[in-house]
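Structures incoming, each one as structure tokens.
The two complexes that follow have subunit A in common; it is paired with subunit B in the first and with subunit C in the second.
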Partner chain A sequence: MGKSIVITSGKGGVGKTTTTANLGMALAQRGARVALVDADIGLRNLDVLLGLENRIVYDLVDVVEGFCRLRQALIRDKRCENLFLLPAAQTRDKTAVSPDQMRALVAELKESFDVVLIDSPAGIEQGFQNAVAGADEAVVVTTPEVSAVRDADRIIGLLEAQEFHAPRLVINRIRPAMVSRGDMMDINDILEILAIDLVGVVPEDEHIVVSTNRGEPAVLQNSSLAGRAYRNIAARLMGEDVPFLDLQSANGGLLGRLRRIFGG
Partner chain B sequence: MFSLLGGLRWRQAGSKDVARERLRVVLMHDRAGANPELLEQVRDALVQSLSPLVDMDRRGIQVDLRRQGQSLALVASIPVRGFKRGAGGRG
Partner chain C sequence: MQAQTCVRRHPLRDGTLVEFDAAASFDELLAALARLLDEEAHAFAGPNLIIDVGSRVLGTDQLLDLEALIRRELGPRVLQIVNGEADDILREDGAGDGGAPASLRDGGFPPAAPAEPAAGRRDRPAVGRSEAVILRRTVRSGQRVTCDGSIVIIGDVNPGAEVIATGDVVVLGSLRGMAHAGARGRIDAQVIALRLEPVQIRIGPCIGRRPDQPPGRSLRPEVARVLDGTIVVEPLAGRRRRPAREPGSDRGEPIG
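Moving on to the complex of A and B:
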């Protein structure tokens, strides 16, 4: 019997889908049977992040409406055989599914998967309610920006009201150079404000753009620092105690600058 | 206005400190707004902690969240009938 985790944020564009795709791939690479659920009905993107967009036959709404069985809608990743995707519908909207239906769907997935990751849409309306309905745990993604942290705070309040007692935080797109200059909030600033446990910090990384272009999650690239951060988060989600990446030394210094000039 | 010294000082302010302060204030407001019972709970907490010391008119107590310049302040108005025996006696 597996566990289900919703990846949410409030704010759009902070990296929920990127986080879901990368954590899913990383967990599957560690041997877990993983199902990814795209709960962003009407604006699906998890398929694109994974490069599986051409293999969609059925989607979540088809399953919920009884048009097909769950197994028929699940798409198996060709790179990692224990990773599956349940895509969202693109031509419907959030009202096509109810929280109760999501609860039943995720419960069914938990019977045959070790981990179910649910990619939540942005916002606090029905899309969010659908996404959290089936989840045992929650991961909140934020960036070090005022609006993202504000929205994360609201989301944490809503999660706690729905009995999620220990939501965990991912700080995404941190830029160590800007933090050093005092132009970006640092990890402690954000933790003081949001006051939930930190499960990971992911640096801004050009590899993410490339990985989305290609439909290949960054965790597959050894040279991607963001990929490494995601692999560490996956390990922590499985209970491992992994030290946080030292982003300062990875970014600074003459060597770092030379590498950037010559495209390393 | 943008002398070298002025420019340096502006830089040293660090926009992240401004961001953090603004967030702190905005969130106090958001959190109070999202939880209307919060002020009630503050009122009850005040009554509980002050009643051994102060004889209050509980129904007249008002608790409010107000802007004070760039920050927020919790302001309470507590009608008092007197102080209780024993209060303030300990050294």
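Moving on to the complex of A and C:
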């Protein structure tokens, strides 16, 4: 019996789908049997990030409506044999599925997978309600922007009301140089407001744009700093204690270290 | 006579209790109450009028509409609007923690008016500045806590959250959202926070907003109160008064 984790954020564009694809790949590379569920019905994206768009025959709505069996709709990843994707329908909308149906679907997936990651749509309406319905745990993604943090706070409130007692936080797209100049919210500012456990910090990384366009998650590239951050998050999700990346020295080089020594 | 079924009148020793039906809309209730007041005004004897809104969360506008109607129809009354099902409010608002009503009050304090058993409340309306609802949690963006009386929040009030009380608002944490104290017009209400950094403060009919260029953080507890029609902020303990931290604050339009 596996566990299901919903990846959610409230605000759009903060990197939920990128996070889902990368964590899924990283967990699968560690040997876990992983199913990714794209709950963003009508705005299907997760398949593109994984480069699996051309293999879709059936989708989540087909499974729910009984047009096919679950295992017919699951697509095996082309690089990693224990990673599977259940794609969203592109021609339907969020009302095509109910929370009860999602609960049953995720329960069925948990029987044959170690981890089920559910990629939530933006917003707090039915799509979000569907995505969280079958989840045991939640990971909230935010970026260091006031609006994203406020939406994350709203989502955490909704998750708490639905008895998710310990949602965990990923801070995405942080730019250490801007933080050290005081031009971007730093990690402590965000944690002070949201007050939940931090499971990882992912730096802004050009590799992500390239990997999204090519359908190759960044965790597959050793040179990508974001990829390393996602591998660490995957390890923490499996209960390992991994130190956080030292983003300051990784990006700021000698100057950044000197600035820190002199308290700048 | 469908309209009369959604408001029920119970005579009390020194006044009247009106109960609102849980299913009806606020506008239906207001209309039904207006009719009841019009047709049976003689039945509303006694100085006290208690309106039990159940688990309904009334907005400031609704509270003020209700008060205006009663003042117009009955003249001055000791009016109380109470939540008979106070525990349900927080849950419905998404602020509750699912089946832990104890979070609403603290054993060490006298029970707050909304949490008092209904029977006791009908005989002895509780009005007093010493009573407060204790809420032990962080109020997050999109959540609204309303309270008849004063409220003490042990936790933070985040940006995008609202706390509305007819008495004082005390935040033992950071207040970064909106707080409205004295929501039914009490101008002597106060807003107190360990870190007072709200987007907006309302006290009675006055509105103060955060300056567009926020001043440096104060690490001391502060209190906001109304002086000469303007909301001023000063350290909680010290005597020396800091000039109003909100230079832009002005006497707001009375809401309603």
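Just so it is clear, the second predicted complex is superposed on the first by the 253 of 264 C-alpha atoms of A that agree within 3 Å, B and C clash if a C-alpha of one lies under 4 Å from a C-alpha of the other, contacts with A are read in each partner's own complex, and residues count from 1 in each chain.
One rule holds in what follows: a residue touches a chain if its C-beta (ideal position, glycine included) is under 8 Å from a C-beta of that chain, and two chains touch if they have at least 3 such contacts.
Treat the numbers as computed from the prediction; the structure is a model and nothing was measured.
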Check the residue A:M184 against both partner chains and state whether it touches subunit B (first), subunit C (second), both, or neither. first
Contacts for A:A195 in the overlay, against subunit B (first) and subunit C (second): which applies, first, second, both or neither? second
Identify the partner contact of A:G13: answer first if only subunit B is touched, second if only subunit C is, both if each is, neither if none is. neither
Between subunit B (first) and subunit C (second), which does A:G31 come into contact with in this model arrangement: first, second, both, or neither? neither
Please indicate which partner A:G157 is in contact with in the superposed arrangement: first for subunit B, second for subunit C, both, or neither. both
Footprint overlap on subunit A, comparing subunit B with subunit C: 146, 150, 153-154, 157, 193
List of subunit B residues in touch with subunit A within their complex: 12-17, 19-20, 22-24, 26-27, 30-31, 34-35
Note which residues of subunit A are touching subunit C in the complex, please. 124, 146, 150-151, 153-154, 156-158, 160-161, 163, 192-193, 195
Write out the stretch or stretches of subunit A touching subunit B in their complex. 145-146, 149-150, 153-154, 157, 179, 181-186, 189, 193
Subunit C residues within the subunit A interface of the complex: 91, 94-98, 138, 140-143, 156, 158-160, 174, 176
